[in-house]
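Encoded as structure tokens, here's the structure I'll be asking about.
Chain naming follows the written order as A, B, C, D and E, and within any one chain the residues start at number 1.
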């Protein structure tokens, strides 16, 4: 921790970066912290309780400005950073990535290739809650699944916390705000909510890095992260990509294979 | 609709201009007959067909949907149908996870030369959807607002 | 702004027989935004079009929907009519009431209801249409002709003679194609080579034609007027700039037993070879598969023989890039050969031949110098049986179509045989005789009547060998299905003409479509027989379907004229059905966030990066931009774009959405 | 009588459609219900919510003068879902209207003064209401000057009225287009509105300036007026924030403690100084 | 205004009587790992051990999405169908916390400060609020700092204070409350003189509203907004769980010639909330939107509507994915 704070303070002091996005203690659990001077780096912490995906801030222009910034990144955040890089949202010159590895050592990444190599050592983990709900859903028949999700969707009030917390939802105008035509009904109602979440899942196919930020953010406890995670679980082997290790030549839906499955096509 | 008449499903077909639309033209020039339930919307390519259109179709009262384009390798634009195929694989998986009745979406490859295949596709799809009945499960919730909804009342 | 005019066509009775067209026009007339709706017997006729033109002016229409036949048929017609009356042509849409409604449904209320729905759908679409301007792109006035058979030769010469550059590529070492293999040609029996070789020489010497033999198309990128062709020049292993074509190397080559392609396997050739004496260019290539040096690392006799040192052992395939504005596909056809007719014993019995092999036997330049001799023992066959429709018109063989040339060349073969073997006896098994062509029927008659060829109408079930004779077993359907058995010395199969192997891959490289038999597909079976669906790529000859020489030459000239017409413009006007990335006033600029997944999805590399810069020149954002020349309008990017920042003109999100909604709301 | 639903629009018939400029149209609207028509009244500066049934509502000012009874007019540009829905309507079509909303220009206080109208682009409609109101009560005012500019000649709206005003001896009409926007036969000024105002230099004595236009135009016009001696209480403008309800509830047009829809849209510069400039 | 006592079984009987009367009852229910207001039929369905429901009870009178009116186009004419107040059912909100009940006043003020809002008034008219005073609180609660208290009766028709025997002090506060009691008056006994205060949680005030107000009046251009809002990700969770947030959008639901105009929740924290068609956005930055949220509740509303726009329920702090803690932020402003 002290190493992290020290390094952060030094980076700010010598002007290598203008801002360090990290974590501090919050009222319930650690929360994002924005250090613009050495003094504030004393509040920096980094441990397993730090679950906010900080990659969400890196694409916010008004926050990061034009200067180089640093971010303390969890594995999830690292994966998101890689995906953002592939989607042309980040540049190596403007970003320094810090993390603390399993041995408690401070690691610094200057290039995305370094991040990619580092991330490759880690497997995607699945939480107990996730597994529990997933097996519950997998045990249902179609009608039951429909009822289950419709029930969940009836709680959604379209606060878009899922969208706001997701590092990959960086569009300046989301499809739900497009009204010519009005693709997705903007009011909260079960079907309109269902449309939104199906749409979100489609947009995440091959992009989602399973950080779980959307599910964590949902104030009404809808396990929305399961939709994208389940898709990832099923689609990654099918389309031949490695979750969290994006390929530069496009993502699952902007590429194809000659022998993609098509037995459902008559 | 009185109770003793047969349920006539509303089905929309999203087809590409070069293969299936032309195939359906051939069905016409060959004077093959099929059910009137299906109405064709023309797209340049299956790659152009937005999954949201399929969702909106059901929300607005469609009982079934046909999506059809060129056979693999035959796409006028080389790879639009391959992109589409991927999109449908993912879309079907999501719909199925959410419990949407994916039997109501019939995907097909119908080439410009397959006039009779188009007629068969339409007739089969109509009878299959007719057997499934109206998609009220989906359409009912489209009007949910009227009930002055509140938490948990789906 | 909706004042839509709706025009319902009866199409004679094609539509009105099953659709109550009056009800359609009446109900549509009551639709919101419809200012005028009528029905008329022939909308596409002159008076019909005049109705539209007058209504556009009278009612100040801002959109037109014609309910008639398929838009694939008459959309250009009606759009032109609108344009002539001052309405932007892209404000005109067609509802397909014939192919998609009246022809596929019985007369009923439902059929009329569907017709109304279809028209409504297009009315709702046209309300969202925007005036579009055609796209203008420059034209590179050079043509690429693929295939050096008579089709490619004719097309090349015709284009070259209009003053434009032509690049002709041929995969074999010589141009000439199948026509150079033929003996005499029907119905005049003039010598094929005699009429072809002057053309071949002309190609080689034409200042506007650049000939690449032993070359194949590697890739084709770009779009009409602006193609970039990558051509693979296969290593010939002979330096053509120094080779004199003396032929000494061929004489000395120790590998002599390679079946000659030119002689359809009936003769042999060497490993370093010129396919035939009249080849153009008349210089050898080394067949590396069979050459001793390439196989075993030793020999090099040819090198020693060559006085000018033209052998290049280490020469590799070379890829060259050529810019062209149009492409003519003239890759020809192939005939079905071995293994396709086990019941006829082809490949098993030496004296069962294909038609093409018989051509070589009959040809003065062939392996027997024009004498009809059995491959098995060199004897002159006294009895010969020709089997027409060997494979063709046989759905069980997967070739339901007629190969078109077989009836004629079979008659020719029988006739040639009779001329050469005066005491010979020839029999033709046929299904029907198709002799539709100038002097064709007379030709067949002559074979039957003057040359006493025995024509038996019926299928041959089997050919087998018995005591050194070939027994042809069939039925004579004219004699009430009587079993016929003929002892023959030779059997000639008029095998089906099929697409060249590799045509499928070539089609994919070129982005042209092909039919179920892998022949390239024309854009319209009647009105656009030489165009493909890919603008700027044209078809000539038997790569589109089997055809005879005059038809091939005619089509090649047709394609040449299309190319010349294209080249007569400095600019090309294209349909504006292309994708567009939205642009907004600052500070938004666009809703595109520059993820460039569209770039990876686009099959045409049409997505470019556009840098948005502030007044001070600093980079604000990078967004996607569509190169309108490269975009072909497939719309894959549109369905892919998460923020809906890219849309395709003519099929915009608003348009297709309105169509779908109109079908579901009532 | 039960409580009135403030979101329920009046049904109006489009009586007349005028194409003003590319994408810009003026609709003359008449009440379908005579009782509603009789009870309706408004003052210069007020606005309303216009419905295209099937698309939604959009906010524009009432562009006609309250002195012209029996109808209201609105002018809008086809830019979004609602305006394009409205634009697709024809004479005789039904649309909805809620209003009048907002405060008014204090025409009564201006009696006996000179008026200078300064407008740019599509911002002439709110001004047109005041101009006609003043012209219809011409005797109440001294000099009337109008400076109006648009990007190009084609973009000028109310072309026939511009001519009418030009031809009137009791109005000083100055039209201008941005450099490059002129046509060969253009007889008006060429230049941006603030520069033209400076050139025309209306006297600030006993004069009210009413400014309406895009934010950038207002920003550069205020200093010019200041230079000409206009005090803050002599300058008026009307704001066009994004609105949905029009009745001070939905929260969109809340600027500082004010609701533009209730406390505005008309503000004197004096009042504007009291609200945070960055938020409108 | 009358205070009575009701014992534990009386409470159950009374609840059953309300249920039997056909009124809808919404009460906190524990499900899916959360406690939220849901329709209930029996008292035993009502959640017991919890501090606060995730969402406020606001949606019962101000639905997430509601039809303002509907219309049908017939031959170029339009027929309107007004919102019908009769379509609103009689509703009892049960076990509402005082901070939630207190939200009805600011909510009503927003909707009725100038012109009146027919829809919300129809809901309010048909709604009877039975609140429970608070015996527990957590670190996010601060009602006492914003003119409220664990036993505050503002907005309640009846307030129950649960006693150690399971019975309750019933303060019958309004005519609507009386009518509800009248459904089964027999179970109500005379006030036993229990001291309500004894059963309320002790929650000292964290800041002075006056002080905050005074500071905010001068804070518009302060850097505090930017500092506090840096981690805000701009979602609407805080607004949507809030008992007083009322920003809304008006939308159109079209099915061919028929359609409905819908009012649905919106939030001033959304980036596009104030965006003009031209692209100009008066509240372009998150810091401006955060300032709007705080000033609206703690400055503009008190000034314009004479009511504080915050009831101290703490829901926004609990719901925030990035721990934007309103109490922490307001306290820090007060201390500046």
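Just so it is clear, contacts are C-beta pairs under 8 Å (C-beta built on N, C-alpha and C of every residue); 3 or more make two chains touch, one makes a residue touch a chain.
Keep in mind the model is a prediction, meaning the values are calculated, not measured.
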Chains contacting each of chain B and chain C, listed by label: A, E
Field: From chain E, the most remote chain by mean C-alpha position
entry: C
Field: Centre-most chain, if every chain is reduced to its averaged C-alpha atoms
entry: B
Task: Tell me, please, which chain's centre (mean of its C-alpha atoms) is farthest from the centre of chain B?
output: D
Query: Which integer distance in Å separates the CA centroid of chain D from that of chain E?
result: 39
- request: Calculate how many whole Å lie between the centre of chain C and the centre of chain E, each centre taken as the average of the chain's C-alpha atoms.
  value: 72
Chain A and chain D: spacing of chain centres that average the CA atoms, whole Å: 47
- line: Cα centroid separation, chain C vs chain D, in Å, comes to 63
Field: Residues of chain D engaged with two or more neighbouring chains
entry: 80, 93
Message: Give me the residue numbers in chain C that touch at least two other chains, ranges are fine.
response: 32, 588, 601, 640, 653, 657, 661, 664-665
- request: Would you please write down the residue numbers of chain E that are in contact with two or more other chains?
  value: 36, 55, 59, 64-65, 73, 76, 249, 251-255, 262, 278, 280
Pairwise chain contacts under the document criterion: A-B, A-C, A-D, A-E, B-C, B-E, C-D, C-E, D-E
- request: Within their complex, state which residues of chain C touch chain A.
  value: 588, 591, 593-598, 600-601, 622, 640, 642-645, 653-654, 657-658
Message: Taking the touch rule as given, give the residues of chain A at its contact with chain D in the complex, in rising order.
response: 179-180, 182
Message: With touch defined as at the start, can you tell me which chain C residues reach chain D in the complex?
response: 1-3, 32-33, 35, 127
- prompt: Inside the complex, what are the residues of chain C that reach chain E?
  reply: 30, 32, 584-588, 661-662, 664-666
Task: Flag every residue of chain E that touches chain A in the complex, lowest number first.
output: 32-34, 36, 54-55, 59, 64-65, 139-140, 230-231, 233-237, 239-241, 249, 251-253, 262, 264-265, 267, 270, 272, 284-286, 317, 319, 321-323, 325, 328
